[in-house]
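These notes are about the structure you will find just below.
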Amino acid sequence: MTERDQEVNLRRRLSGLSRLPLLRGARLNGEAERLERQLERLKADTSDEAIWHSVELARHQDRPYTLDYVGRILDDWVELHGDRGRADDGALVTGIGSLDGRTVVLAGHQKGRDVKERLDRQFGMAYPEGYHKAMRVMELAERFGFPFISLVDTPGAYPGVAAEQHGQGGAIARSQAEMSRLTVPTVACIIGEGGSGGAVAIAVADRVLMQENAIYSVITPEGCAAILWRDAGEAKKAAAAFKPDALHCLDLGVIDGIVAEPEQGAQADHAEAARLLKAALVDALDYLEGIPGEELRRRRRAKFRGMGVYA
Amino acid sequence: MTERDQEVNLRRRLSGLSRLPLLRGARLNGEAERLERQLERLKADTSDEAIWHSVELARHQDRPYTLDYVGRILDDWVELHGDRGRADDGALVTGIGSLDGRTVVLAGHQKGRDVKERLDRQFGMAYPEGYHKAMRVMELAERFGFPFISLVDTPGAYPGVAAEQHGQGGAIARSQAEMSRLTVPTVACIIGEGGSGGAVAIAVADRVLMQENAIYSVITPEGCAAILWRDAGEAKKAAAAFKPDALHCLDLGVIDGIVAEPEQGAQADHAEAARLLKAALVDALDYLEGIPGEELRRRRRAKFRGMGVYA
Amino acid sequence: MTPPPETRIDVQVEHKDAPAPAGKKHPNTCPKCGSHYRDDELAAALWVCGQCGHHFPMRARDRISWYADAGSFTEEAADVRSDDPLAFFDLRPYAERLSEAELNTGLGEAIVIGQASLDAHPVELAVMDFSFMGGSMGSAVGEKFSRACDSAIEQGVPLLAVTSSGGARMQEGILSLMQLPKTVCAVEDLHDARIPMIVVMAHPTTAGVLASFASLGDVTIAEPGALIAFTGPRVVQQTTREKLPDDFGLAEQNFRFGHVDEIVPRPGQREHLSRLLRLFDGGQR
Amino acid sequence: MTPPPETRIDVQVEHKDAPAPAGKKHPNTCPKCGSHYRDDELAAALWVCGQCGHHFPMRARDRISWYADAGSFTEEAADVRSDDPLAFFDLRPYAERLSEAELNTGLGEAIVIGQASLDAHPVELAVMDFSFMGGSMGSAVGEKFSRACDSAIEQGVPLLAVTSSGGARMQEGILSLMQLPKTVCAVEDLHDARIPMIVVMAHPTTAGVLASFASLGDVTIAEPGALIAFTGPRVVQQTTREKLPDDFGLAEQNFRFGHVDEIVPRPGQREHLSRLLRLFDGGQR
């Protein structure tokens, strides 16, 4: 595909998207113009720099984390702790809250703000226990018919000895399986780093959204560079090659919509970022709530089973 | 109740039972006479000695354990290991096998035969991981419609620091809950010691059987004596008071039938004990297999919800 | 809130792992910091030590008066009493222990159930009382808890259970063990009806009660310092000779190991429960 | 059983935790005990070292010839090939790597699927091949595995999957990550149809494949010494600086920690699988 073709393709997708019920709120909130601006930016987006800018913003130390959003977008909130087996994993928080009058169950990765909290929360890298906790609250959502919302923000699942011994791979697989079984509406949003298995473990949703400057990828740019370029310093090159930014994820059919951020990025205005995120989540739930549970599950599985490009 | 009343009462129960489809096999195999003999023995059973004899036989070091029966009553057998989370608990074995042409899933406590195995298997006292493993195979049974059989033989759940930290109480509760949800036929048999929560965790079955000399109790005789008599040496007295023997369990409506043992007890003739156990299990499954799954579950819950005597 | 008729906790021999009975000490002496309180002071403070935050045991009726909106509580199954199916006799007859417990506590059994509202949210309550034979669960407790589940289903309101128990009541032999699957089945019936259960674990929540309905809450909160263990510290130590961690079996350890959702001191409980009830009221199904 | 066209394993750079490539050594030299074998010797021994039991990698077609009753295998989806949606180019273009892999292995992709019988039990096979770009999972592997699930459903026969993979194929970027939920959803569709899946984990079963369908077997067996890890030992050590246990990530450790049902050396596998298929055939529903 030439750059020109690529642009045409994306313009078509974006204009199509703006007609979807999902983006009704976006239109109402004047996000259509934002998408236009995104499109403009895309023309320059073939540069390594533009993609790298997303990588940097996605990891920005002032970027809002899950609990920053929870405090702003939910009216009531009770955090639920523990996997009922071994631990309470601070890298993945779960709870029950009220979103615009609707009770929802929420799970999200949580990075730490200061040094101590970062260590306590393992930089948002969950152990298997974190995914077990997420599965527990998914079952709670299913039992009482509460929509399930996940906020994804992790460099990846924790790469440690105990995490392996406790079954990191199996936990990630089973968390996805659990999500694929739910009959309640599910919405995931990548709000920062959507890193590999640790991210997708809680992102098998009816609607998968990404914030404008979030990234979603199979490996960190540094990890990819270390393996393919044999030099972790080539991270920019790797990112440019595997294209973890929201527009490319949308283009590849991996996500269902992009959530706008404040002009300078979510880190610059938490309140505004939260307002935009809340509107997108509410729109997605509005769209999903009329669909019967079995049909939701059928469509969700069909969507993920359709992902990939092969000859 | 006088002893006389007690005898009449039991005779009525036993004769009623012998007409049940459950005991069809028993009649065919000449077990009715055995039950008569049990009844005869009951007249002497008010003595501490008779109950204590059951306690001793139930714990006899030569008594067949779960894997001794598995080898004799199942044609095919594949042991399934591990809870998919933390461990493979040797105190509780699980697997899939073929019973008289039917594929069944089986779980049972396993004591050790020699010193090393006893330590490895913690004397048949399972950790929470053991109950998680049991729940995993219950789900396997449910998914494929295989009947679930449990063989109970434990002094109780393991009373250790890690067992508590890993949630012993919750695991026992959830294992019972899982059994109460199954829609496949379930049969439990107490084959030795049915000790407290560790036993009932896998005994919430459509048909709960007990071998003639097995015991089923809320606490060990020694434990009860230590608390109520303040002297563990009064175990005989305690056993006589709380009556853990099969006949009394039948009388109290806690079990659905008694499985005969060889004349001198199961320890004296493993092959014959296995033959009798197999016949009882097959009879129970024959009886249950016509009943729809939802109805099985409804009746199972109604049975357990009806247990207890209050004013 | 009326002060309790009797604040002394009768630990009896039923519960092996509760803190040692106060002995000669005044029952209102804080076992943690030694502060003394008058009955009315302690009641006004929800039986929480003003000095160190220690949570004294709270009687079932006091807790109901506190949780339930004024005048909203209607007791159910108050007439259910324990029987003595084994004619059990240890150092004293079971029947005698039962009569004494009723006399000392003013309760018919170790649990009180009924309908109420909390902050205007209708709710079914099932509240255990440790002063009645160590909160042990026999047939009557199992039956009353199960009826609370059924009542919650019938009303279509959440069940709020408060646990405090030394375990199964061994004077009822195997029938006390059967209260585990009985109450578990009752909770499963509740869940099939999509009715939530919130559990508050008070000191101590152990053995047969922990290994049955207490562990099956959709949300589980614990009181600070509560012993929450299937096997208590003394038995673990005697049996395994393991060195026990300092906070072995306490609510705080259970929280760290992922077994309870939150530790909520009494002063914040009512608001916490009210928020949960509000949230459970907001489902779409 | 025909000897494989090419026994050298092309580890490439795709799999970071596989044993180091044999380098100058003859590929039939046992890395554990140093024994040498002729190709036909090794093939006759199912690529198991006769001296020490080390399991050499086994090619997909060899395994299929071995598992499947003679002449029973019918390949499916043989025409599915990888595309290059990102026009990915690292030190070399992805398209070039793909062509080379096909040339070197004689395979269209890192998995072969099809219908067969094993000891007269009809079964759907999905067998991965590590020699094709480290068994990495891109869109084509995900699609072929999913089609194997659908074929098993259609035939009403169990799915037998053999895994050997370095993880997701990063040259397909985010689409390779999406093969995790894709294959998971395919297995869930299989399970909804009450069709069993038996998984055999061969060396190495790691990262994206372990974190998706490989972990969802109803029964899971592992080959001795196979690396089974989400994150391999090198990355764990580099990231956390933790001291690794000797058997870190190996099948034996996974067994001890409860993640696999049994470790079955190749000589016993066929009988073990046959027994399992017989048992799964004996359900009442």
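When the chains are written out, they are named A, B, C and D in that same order, and each has its own residue count from 1.
FYI, contacts are C-beta pairs under 8 Å (C-beta built on N, C-alpha and C of every residue); 3 or more make two chains touch, one makes a residue touch a chain.
Predicted, not measured: the structure shown is a model, and the values here were computed from it.
For the pair subunit B and subunit D, chains touching both partners: A.
Listed here as common contacts of subunit B and subunit C: A.
Each chain gets a centre from the mean of its Cα atoms; the one farthest from the centre of subunit D is C. The pair with more inter-chain C-beta contacts, choosing from A-C and A-D, is A-D. Centre-to-centre separation between subunit A and subunit B, using Cα means, comes to 49 Å.
Inter-chain spacing, taken between the CA centroids of subunit A and subunit C, is 41 Å.
Averaged C-alpha coordinates give centres for subunit C and subunit D that are 52 Å from one another.
Rounded to whole angstrom units, the spacing between the C-alpha centres of subunit A and subunit D is 30.
Contact with two or more other chains is made by residues 84-86, 165-167, 170, 174 of subunit B.
Touching of two or more other chains is recorded for residues 257-259 of subunit C. In terms of which chains touch, the assembly is arranged in some other way, matching none of the line, ring, star or all-to-all patterns.
Annotation, chain-chain contacts: A-B, A-C, A-D, B-C, B-D (touch as defined at the top). The part of subunit D that touches subunit A in the complex is made up of residues 13-14, 16, 80-83, 85-91, 138-140, 142-143, 146, 168, 170-182, 184-189, 206-208, 210-216, 228-231, 235-236, 239-240, 242, 244-245, 248-249, 253, 257-259. Residues of subunit C that touch subunit A in their complex: 191, 194, 196, 218-219, 255-262, 272, 275-276, 278-285. Across the complex, subunit B meets subunit D through its residues 76, 78-88, 96-98, 101-103, 129, 133, 140, 143-147, 289.
Residues 84-86, 128, 132, 165-167, 170, 174 of subunit A are the ones touching subunit B in the complex. For subunit A in complex with subunit D, the residues that touch the partner chain are 1, 157, 159-161, 163-170, 172-174, 176-177, 180-181, 196-197, 199-201, 203-204, 216-219, 224, 227-230, 238, 241-244, 248-249, 252, 254, 300-301, 304-305, 307-311.
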